[in-house]
Amino acid sequence: MKNTFGTNITYTLFGESHGEAVGIVIDGLPAGILIDQKFIAEQMDKRKAVGKISTQRHEADKVEIISGLFEGHTTGTPLTMLIKNTAQHSNDYQSLRYRVRPGHADYTAHVKYHGNQDYRGGGHFSGRLTAPIVAAGAVAMQLLQTMNIDMGTHILQCHQIKDNSFSDNKATLKDQIQRLKETEFPVLEPAIGKDMIQFIEKTAHMKDSVGGVLETAVINVPAGLGEPFFNSMESTLSQLLFSIPGVKGVSFGSGTAFADHYGSEMNDSFIYEEGVKTATNHNGGINGGITNGMPLRFTTIIKPTPSIYKPQNTIDLETNKEVSLTIQGRHDPAIIHRARIVVDAVTAIGILEAITCSQAIEPFYS
Amino acid sequence: MKNTFGTNITYTLFGESHGEAVGIVIDGLPAGILIDQKFIAEQMDKRKAVGKISTQRHEADKVEIISGLFEGHTTGTPLTMLIKNTAQHSNDYQSLRYRVRPGHADYTAHVKYHGNQDYRGGGHFSGRLTAPIVAAGAVAMQLLQTMNIDMGTHILQCHQIKDNSFSDNKATLKDQIQRLKETEFPVLEPAIGKDMIQFIEKTAHMKDSVGGVLETAVINVPAGLGEPFFNSMESTLSQLLFSIPGVKGVSFGSGTAFADHYGSEMNDSFIYEEGVKTATNHNGGINGGITNGMPLRFTTIIKPTPSIYKPQNTIDLETNKEVSLTIQGRHDPAIIHRARIVVDAVTAIGILEAITCSQAIEPFYS
Amino acid sequence: MKNTFGTNITYTLFGESHGEAVGIVIDGLPAGILIDQKFIAEQMDKRKAVGKISTQRHEADKVEIISGLFEGHTTGTPLTMLIKNTAQHSNDYQSLRYRVRPGHADYTAHVKYHGNQDYRGGGHFSGRLTAPIVAAGAVAMQLLQTMNIDMGTHILQCHQIKDNSFSDNKATLKDQIQRLKETEFPVLEPAIGKDMIQFIEKTAHMKDSVGGVLETAVINVPAGLGEPFFNSMESTLSQLLFSIPGVKGVSFGSGTAFADHYGSEMNDSFIYEEGVKTATNHNGGINGGITNGMPLRFTTIIKPTPSIYKPQNTIDLETNKEVSLTIQGRHDPAIIHRARIVVDAVTAIGILEAITCSQAIEPFYS
Amino acid sequence: MKNTFGTNITYTLFGESHGEAVGIVIDGLPAGILIDQKFIAEQMDKRKAVGKISTQRHEADKVEIISGLFEGHTTGTPLTMLIKNTAQHSNDYQSLRYRVRPGHADYTAHVKYHGNQDYRGGGHFSGRLTAPIVAAGAVAMQLLQTMNIDMGTHILQCHQIKDNSFSDNKATLKDQIQRLKETEFPVLEPAIGKDMIQFIEKTAHMKDSVGGVLETAVINVPAGLGEPFFNSMESTLSQLLFSIPGVKGVSFGSGTAFADHYGSEMNDSFIYEEGVKTATNHNGGINGGITNGMPLRFTTIIKPTPSIYKPQNTIDLETNKEVSLTIQGRHDPAIIHRARIVVDAVTAIGILEAITCSQAIEPFYS
């Protein structure tokens, strides 16, 4: 499996940034699900570029479903979603064929594919490939909604500006997730969001870019999901998260705090409150790789967009000589606010994977 | 796939802490490899308990190969390694059947398996399952050695005590990896190691436990490994790392520094020095999910061992009443020094996975 | 995996007979392969309806490659082939929504997908789905040609009319395979082909349909392909062959003759003739599930097309009442002459699967 | 995947004929299943050698469960079954190291594994590997019994002696399956069984061997199992059946009769009798690759045992010279009566695979 993920429901991703289309085949969906195309379109919009702090490449990002849908419902056979590329400026990239951009996959793709990759705009490695992932995630979310599973992601940190963390209070957390759905720039504290936007604009002005940390919470996840080895809940989510271009770190629950605290501080005591709960949630809803019924909590480190307008040193692969490179074209000074919806999408895909694997043998429990 | 990892070479893990044996089936190995059983035994030794700072459960950890080996060489058919359990004190656990230990998988396993799990010593979720992983990793390492790929892991941080980071100098890094092989307590700076050991002993005395951060480096990894989506080099390694009990975070290259630095600071310029290299290695040897030929670099957060001797609050699953729990038995106040060899093992497994997937189509390149 | 096949090179099939398009994503192809689109078009033509003995639905069957191809060569990233549906007469099927056609998947799809399947023309179960399989097979054949692997399939039997079997002589067999490429109605003995065509026309006139047996030979298959259990060469080929609509039997080598002959008659003695060969080839080039270097030989039973113009008894799923059904629309009185190219396609896919699995570990052999 | 089968429940097979043990890891079983070890032992007995018509190698075939079982019930974690080899006469094989036995995997294993295979008694290719398959099948059968799914296999043909076919009458078929469980030599017509045994004894006397055809029926299979492409019910069963050593053909329903009958003869009309049924069952319970609720029916061609005592011609791989070979040791003149229980086992495994894949998404149907 290279560009396919999943066991019972599988996702096969295809396309290049400057090719005819990007898309995804989702196979194994239950039949008869009314696909909410308006919801898919809204998710696509959240992934899109916003104002001055994003690329000026504007794609319609219209999702066409060319198989697996009949009379508005899933048929149970493979659902194929196509997103045509319409706003490519391929000429911007011609000079980059052999001048590999630092921080990008240009060089590694060149080695891996022996120079045959579609180099334009990063080809298959482009952030554009996250468009079909978001569309697929929207379908996964629809299924999860039938179990009341919901999720949200905000910018916990952008350079040195920090947002509040998600609340430990169940009702407050639910509200925070709801409000994130309605927010264009995803922070819990609006004033901090303004600071971040200002900082990103300043960074853009400096011809530079910036990254940050996203924090995600998922509520109403049933206990018992995940498999002990190789497919722990953390394994599945991290496999998916590290597929998102720009992700360089993933940690669950209290993350780095596990390194400098005692066991007595980090163990979550069990309590009974209309079911088994934990008094704290340092473990982010996961014990031994299996969900424990508490909200899932994790953070994702997003690196600064590698495309910057400052001159950079690189080599020309035709001559192996070092050259100065100034990237042209349209780029984001930050992608972190757009990445949040991709993180939500793969989270939905990952949890649905764990649920379906768990359900497969359920009928044999009497 | 639940307890199986891999595409061309697969690893199927089985066993429980207090069952008859733990083991692993490795399928798809090339035939005719002389298995170095002494090397396997050495790796097993590094995983074992050390002195006062480790559990007093002492297992022989003798690896028996019961299939797939003939006249000392691999046959090409499934290689099965068994490690018999010999030093179980199962009685220590009887009182824990329904009194779930905080921070452990006791509760989540109970839910997942509807109360039928082998609860003794964590059953299949026990750190004991890392013994066959280490044995399998030793076999993977033997294959990687034919490509000069080598790796090492040290304790970068234990509570608030910090070791130096790996060197960026290629020769020094090679030496550091070599020295780690000969070290019982894996740090780059011996004096710091003494401080850490002292701190762990003090923690044990307090009936508490402690975690930390491991740093891993892999050298001579060829460029071009990993697959763009879902199976990026980071995806594969993180999937494996998050299978190790106690791992709560994984980050590549400069990790958290990506969050508060500019793109111009974090992009690694390409240079030419007997091949394409990067001037810095903030990206940890991976661009766009694909290896770039520089050393792989990543860190792993290990949580404090959840078994502590202090009384803790929990609930009894038979009565749903809260109870005070004092764990008996033999436990580690820290596992981070033992975990490093498990991290090395899954790293070897992950890189071998990426190599074999890449090689499968190689003959069609002329 | 539902509609995906393969380990290192994967094929994901999608589409419905009367939807917008059918297609396939091929992932894992080596990069830099010049795709011969004329060859693909020729294969598509061989699958098409021929003269009076085939359906009057005429599709252009133009294969559009919308990803994974750059400057005419494979990029190494997923190659997506789309074949738009253009000649649907969906109205022909409206009356069939609940009147399930005997011998078809109408009823089983209705149960499996809880009534949500696209029932028009068999939906995803239509023979139309073999179009992208043929296109994918053409790509696989291009890779196999670099190893001189070639294959051909002819109609060994149509009702009671029988063609000669493939020759055991290597040079003659090569000629026979070559001639089948140039033949519209695939038989070794042209006079017999005329009889079969006449018989099929007569059958059409009777408003009935007919099936038969296909025989396939593959030459220059290297020895050593296939895996002992679950993925023997026979397992892989039969898994693929039984995915072709209408296939009801597969046997290798001498097939039914194994049932009524002695071991001494059916064992193939080894001889040495510029390499190890067998004196006879009763085992069809496979011993113990692994190829032995002799030509692969197998037969495939194709059932009569279930769509016939005679009235048939069935039930109406809305009322559970028995009704008489007369199928309208455009149908083939026989598909066996069209199926041969689908059999060739999946054979190519199966052999390429075995080769790539075998190659994955090859570099570790010194 | 090489020696692993399955999606939600996986089976990993290991071992060699003359190694320490053969075995299988079953992963993904529901927890809490009381494993009926007596039933497993009975199945093992049916696979064993019977009287004069079987090999004189007598193995205890005691199945030890070394993981995944706790207090007699499955734990939900990998269940490992070991069957120790105790009655090897490895010396019988020393002379065969380079003298490859016709009809066996000796030569193909030698090529595949570059001469490193365990050549003794066929190594991993031995029929001995069917012992753990039978044990695993017994576990799968236990799960299927909760759905009343049952199956039986008889010898339809042994050389030219033919048994009756399974009845189309539901009650009679159920009785036939029940009686086969109690029969050592599996035929529907006892007198015919005596003839077959006599014929096999005569064949043994001639130092020769004989094969035949098995017929299998499965009752109470729910409609809707199987996936349209690549994993049709026929694909899954044939993949498994062709993993059994000696199987050379598989056909479903009326098999070869599909080749020489009209569509109007072979289509099964739908009728309503306490549910949707078909008036006939030519399609063997499968339409379009999906089960239709009628009994599954298929036949399997078993080749004559390749080990015969007559001298045969072969080559010596050390010298590439042709030599005469007379096989020593203990062999079966026929394995067809033993193979039937292996066919039952993989049938159970295949149906359980289809059920669990189908169940995975069931909760999303409201």
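Remarks
Letters A, B, C and D name the chains as they come in the text, with residue numbers starting at 1 for each one.
Just so we're on the same page, a residue touches a chain if its C-beta (ideal position, glycine included) is under 8 Å from a C-beta of that chain, and two chains touch if they have at least 3 such contacts.
If you're wondering where the values come from, they're calculated on a predicted model, not measured in any experiment.
The most distant chain from chain B, with centres taken as the mean of CA atoms, is C.
Looking at which of B-C and B-D shares more C-beta pairs in contact, the answer is the pair B-D.
Chain geometry summary: the mean Cα position of chain B and that of chain D are 39 Å apart. Spacing of chain A relative to chain B, judged by their CA centroids, is 26 angstrom. As a whole-number value, the distance joining the C-alpha centres of chain B and chain C reads 46 Å.
Along chain B, residues 1-4, 7, 13, 28, 31-32, 77, 112, 114, 124, 228, 357, 365 each make contact with two or more other chains. Contacts from chain C toward chain D in the complex involve residues 1-5, 7, 11, 13, 100, 102-109, 111-112, 114, 122, 124-125, 129, 133, 157-160, 203, 206, 208-213, 223-232, 234-236, 238-243, 245, 247-256, 258-272, 276, 278-279, 283-284, 286-293, 301-308, 310, 312-315, 317, 320-322, 357-358, 365. Those residues of chain C that touch chain B in the complex are listed here as 7-9, 28-33, 77, 143, 146, 228, 355-357, 359-366. Here chain A touches chain C in the complex through residues 1-4, 10, 12-16, 19-23, 25, 27-28, 31-32, 66-68, 70, 73-80, 82, 112-118, 123-124, going by the rule given at the top.
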